[in-house]
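Got some structures for you, see below.
In what comes next, chain A is part of two complexes: it sits with chain B in the first one and with chain C in the second one.
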Partner chain A sequence: MDKIVIENLYKIYNEDKESEFTALKDINLKVASNELMILRGVSGSGKSTLLSLMAAFSKPSRGKILIDGENISKLPDFFASEFRNRDIGFIFQSFNLIEGLSLFENVKIPLVLHPYSTQEIEEKVHHVLNLANIMHKAEQNVADLSGGEKQRCAIARALVNNPSIILADEPTANLDKANSLKFIEVLEKFKNMKKCVVVATHDTLFNDLSFVDNYVNISDGEILA
Partner chain B sequence: MSIFLLDSLVVFLFVEVVLLLLMSVSMFVVLKILRYWDFEASTTFQYGLEKRNYLVNTIIIFTISVKIILFILFIKSLDDLSPLVPGAMCATGVIGVNIYGNILLVYKIFILFLLGAWMIVNKLDLMSKKFTYLRKKYYLFVVIFILLSIEFILEILYFSNISLETPVFCCSVIFVVENLPFGLEVIDIVKIFYLIFISIILSNYFKKSSMSFMLNVLFLFIAYYCVTYYFGTYIYEQPNHKCPFCMLQKDYHYIGYLIWSTLFIGVYCGISPYIVYSLIDVDKKSLLKYNTIFLTLFVLACSYFVCSFYIRNGVFL
Partner chain C sequence: MKNEDIGIKILTKMLMKLVYKIYFLLRKTLYASLKIANKQYKQLRSDLNKNFVDFSVRLLIKEKKDYIFSFFIFTFIVFIITSVLFVSNSVKRDLLLSVQNDGEVIIKNSKSGRYTSVTDEEMDDVLQINGVEDVIGMVDGYYNFTQDRRVFHIVADNDLNDTSMIISDDVARELKSFKYEKEFNFLVKDKAITLNIDKILESTILTNNTIFVNSDNAREILEMDEDEYSFLNVIVPNKDEIENIALKIARLYPNLIAIPDYELKSDYEHLYYYKGGIFMILYIVSLVSFFILLKNQISAIYGSRRKEIAILRSMGFSIRDIILVKFIQNSLVAFAAYFAAIFLSYLYVFVLDAPLLRNIFLGSGVEDIVFTPVVDIKMLFLVFVFTVVPYLAAILIPSWRLAIEDVSEAMK
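On to the complex of A and B.
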């Protein structure tokens, strides 16, 4: 069953201005419920824009993004936030952690909007910290973590709500090769967890992975056949 | 001297002009939205309208919020004008200086309630996934915009027709006959006041929003006369000082703000459920409990002055 259906999607920046730029052109794409898709393309090809539209961070200029049959591009702000909190786990290129807070506090942030008890929150956070293999650093300030540890924290935060969709935007761009390979191992875990996963990357380490269901190439805002 | 040189009046009129300009700009977008809105469409034009909807909605919320606060500045401007108008000791004298004053005041109160109703419809619209009440909300805004334009004309007519030479009556009623509705005596009005209050409590208890609406409108009307001609005299402790405004001043510890705000907020919570239901068929009866709370506070505050006076002096005024 298709989890994500994208139909005739366009994203145009600075519309009707001299600096108008079409980031995405007529994108049509389907991602199944437990599919792992790698979105490949060079910098500026439109991968990040596509992911941000899938996560309802921004609105398209034309077209639809249906998730479980619901057009999320039309959601008013309040419902878009609710949708993200419920269905999306997003791993950012630069991790987007809040420095000054501990790893534990960063990971629990997506849960604070839910009516969970303190004990339930602790259990959920500890569960994902163990999954991401970073439990031993739980009380440490994220500013003091290494790049690989920060990414494991970002992974834990993306998983803590148990979202059905995980989106990762250039997840290995700030990592060395060893940590990038560790992330690929985590990806396989996601696959085993039956999550719908879309990874946008230009890292060649992701080429020819046996557990990846689909490779999609994107160039100049268009999907290549 | 021109009254248009008065600081508070200049600020008041300047803000009114700015708000009217902001609303005029919003009107262009609102009319476009009303004409072309199609939520099911995924076209560039519709996405553009949705973006503009957020923008215009923010502007309207801001202007309406400021407009509500501006009512207080309007009253203050009237008070500040009183030293300039012969015979006027407070805003009461200034408001009665020409035929537009009282009309403007009643009109402003009516619009205040309408603005409050718009805020509720807007909140419900923003809480709906498909902008269910968007059209009705903006049709109501068009009506509000027209009413506010008329209000601005009334304001200009009122302020530009304030004579600084003709003496006016103010809030002392030694030499004039009390102007009570239906030829009633003050004591009858007070009895009706408490009777309507009890009826409102019962009506709210049984969640009869249409009944509450009617009773609250009537209560607002009766409460005005009661506060001015009965409770006010106990606040001022002078039987001939019958004024709705003086109690807003420092001499009376600004108690008027508590009295009038609890009355207005209470009545707003009482009439809104029926108005909202009539406009968009949504049940907001939960507001009725706030109607009960605020009106009870209002009645207690008013009654306190009568009881306190009687306990201290052993007689009524």
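On to the complex of A and C.
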């Protein structure tokens, strides 16, 4: 069954102005429930924009994004936020952790919107910290972590609400090769967890991975055949 | 458990009730405005919970340097404003109380533009005016204590015998410094009147330089004749007649000055108007501090906290949740600062008797004065409205503007 269906999607910035810029043109795409898709393209090709639309970070100019058959592209803020919290785990290129908080506190952020008990929160956070192999740094301030550790923290945070969709935007852009390879191992774990995963990257390390279901190339805002 | 955690728990408990009430109101409005009959999204996120408040407070503690700065500036502003208002309200109250004890019309005599005494004859004539129930002659005046160039206010009190007097704490201290500990000699023409100190009163605005003596002694000290009075208190039962009676007295004796009590009260209400410049400076200092505070907070929101808001939005915080986080954090700071400032200004004015500020209000000659504690809830509410409300608005509006930004744009 298709988890994500994108139909005739456009994203145009500064529409009807001199500086109008079309970031995405007539995108049509389907991602199955437990599919791992790699979205490939050079910088500025529109892959990050596509990911941010899938995560309901912004609204498309035209077209639809259906998640489990529901159109999320025009949801009011409250419901879009609800959707992000429940269904999306997003891994950012620059990790986007809140400095000054510990790794544990960063990972639990998506949970604070729910009335879980302290014990439930601890269990969920510890579970994903173990999955991401970063449990030993739980109490450390994220500002003091290395790039690879921050990445693992971001992965744990993306998983903590057990979302059905994982989106990763240039996840290895700030990592050395060893940590990038570790991330690829994690991707395989996601696949085994039956998650729907979309990774936007231009890193050649992702080419020809046996467990990847689909490679989609994007250029100048259009999907290449 | 860490101290920090205990702190968070206590703060959380305090805020939960208030936040719940405001949240339910917000949620009710939100539900009413978003009637989307979609099965999948019908199951809205459950109520605001302890974890959310905990987390908001944790973010506040993370930025403690900024918030401590805000707390101190806010406390300083409210402290200055409430201290000034506490002092002026206390002084006004005492003065207005003194007017309440007087008659509805006060009569003074004037000659060549200066006050002189009123006589028995004038008193009898005023008593004949229709609407006047009684006229009470009062004896008071000023005695020049030449040793220290101070002036004592002599007030006649017929409950005292002719050998004793009651003095204020302030006067007692003054006399003691000249070795007058049990009695004092009033020097009048050709003789000295020796009176024993019967009792020492706490110095208030009204009594700080006052000496109460028997009316015969008062007349002797003030060199007044037996048929003379300093002023008359006219008792008028019908309030509507006060102005008419004052006019009649002025027609009867053009030299007499008849002052209705409401004019005196009005004078006291505006007692410190002439010192408006000093208060204006205090208020300007408060205002400038307030703007520094707001600028600091708004810059922080548009600066470092902009990305933080975007991160929270990406994790599923709605615009409402962001505003709620900011509301919890800043209302904690504002409420804590507001109540701390009121507590401190109460201590400063009514326990420490407002050093420095006392001199601005009452002059530098007054020492050890006791301000009667007066807490005007309406005044405190006004201070709240003009400090806490604009502060919260100045924080929440930019927070809302950032929260409605496109998340992916704000991340860049």
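By definition in this document, the second predicted complex is superposed on the first by the 225 of 225 C-alpha atoms of A that agree within 3 Å, B and C clash if a C-alpha of one lies under 4 Å from a C-alpha of the other, contacts with A are read in each partner's own complex, and residues count from 1 in each chain.
Basically, a residue touches a chain if its C-beta (ideal position, glycine included) is under 8 Å from a C-beta of that chain, and two chains touch if they have at least 3 such contacts.
Because the structure is a prediction, the values reported are computed rather than measured.
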Checklist entry - With the two structures laid over each other on chain A, which partner does A:Lys64 touch: chain B (first), chain C (second), both, or neither? => result first
Checklist outcome for this item: The answer to whether chain B or chain C touches more of chain A is C
Checklist entry - Is A:Lys74 touching the first partner chain B, the second partner chain C, both, or neither of them? => result first
Checklist entry - Which of the two partners, first being chain B and second being chain C, lies in contact with A:Pro171: first, second, both, or neither? => result neither
Checklist entry - Given the touch rule stated above, what does A:Tyr10 touch, chain B (first), chain C (second), both, or neither? => result first
Item to check | Contacts of A:Thr49 with chain B and chain C, given as first, second, both or neither | outcome: second
Checklist entry - Of the two partner chains, chain B (first) and chain C (second), which one does A:Gly221 touch, if any: first, second, both, or neither? => result neither
Item to check | Contacts of A:Asn85 with chain B and chain C, given as first, second, both or neither | outcome: second
Checklist entry - Looking at the overlay, what does A:Gly41 touch: chain B (first), chain C (second), both, or neither? => result neither
Item to check | chain A residues contacted in one complex by chain B, in the other by chain C | outcome: 75-79
Item to check | chain C partner contacts - residues on chain A that touch it in the complex | outcome: 48-49, 52, 55, 57-58, 68, 70, 75-86, 88, 90, 92, 96-98, 100-101, 105, 108-116, 121, 157, 161
Checklist outcome for this item: Residue positions on chain C within touch of chain A in the complex are 30, 34, 36, 38, 40-41, 44-47, 49-52, 54-55, 58-59, 62-63, 307-308, 310-321, 404, 406-409, 411
Checklist outcome for this item: Residue positions on chain A within touch of chain B in the complex are 7-8, 10, 12, 15, 59-64, 71, 73-79
Checklist entry - Which residues of chain B touch chain A in their complex? => result 39, 42-44, 47-48, 50-51, 54, 126-131
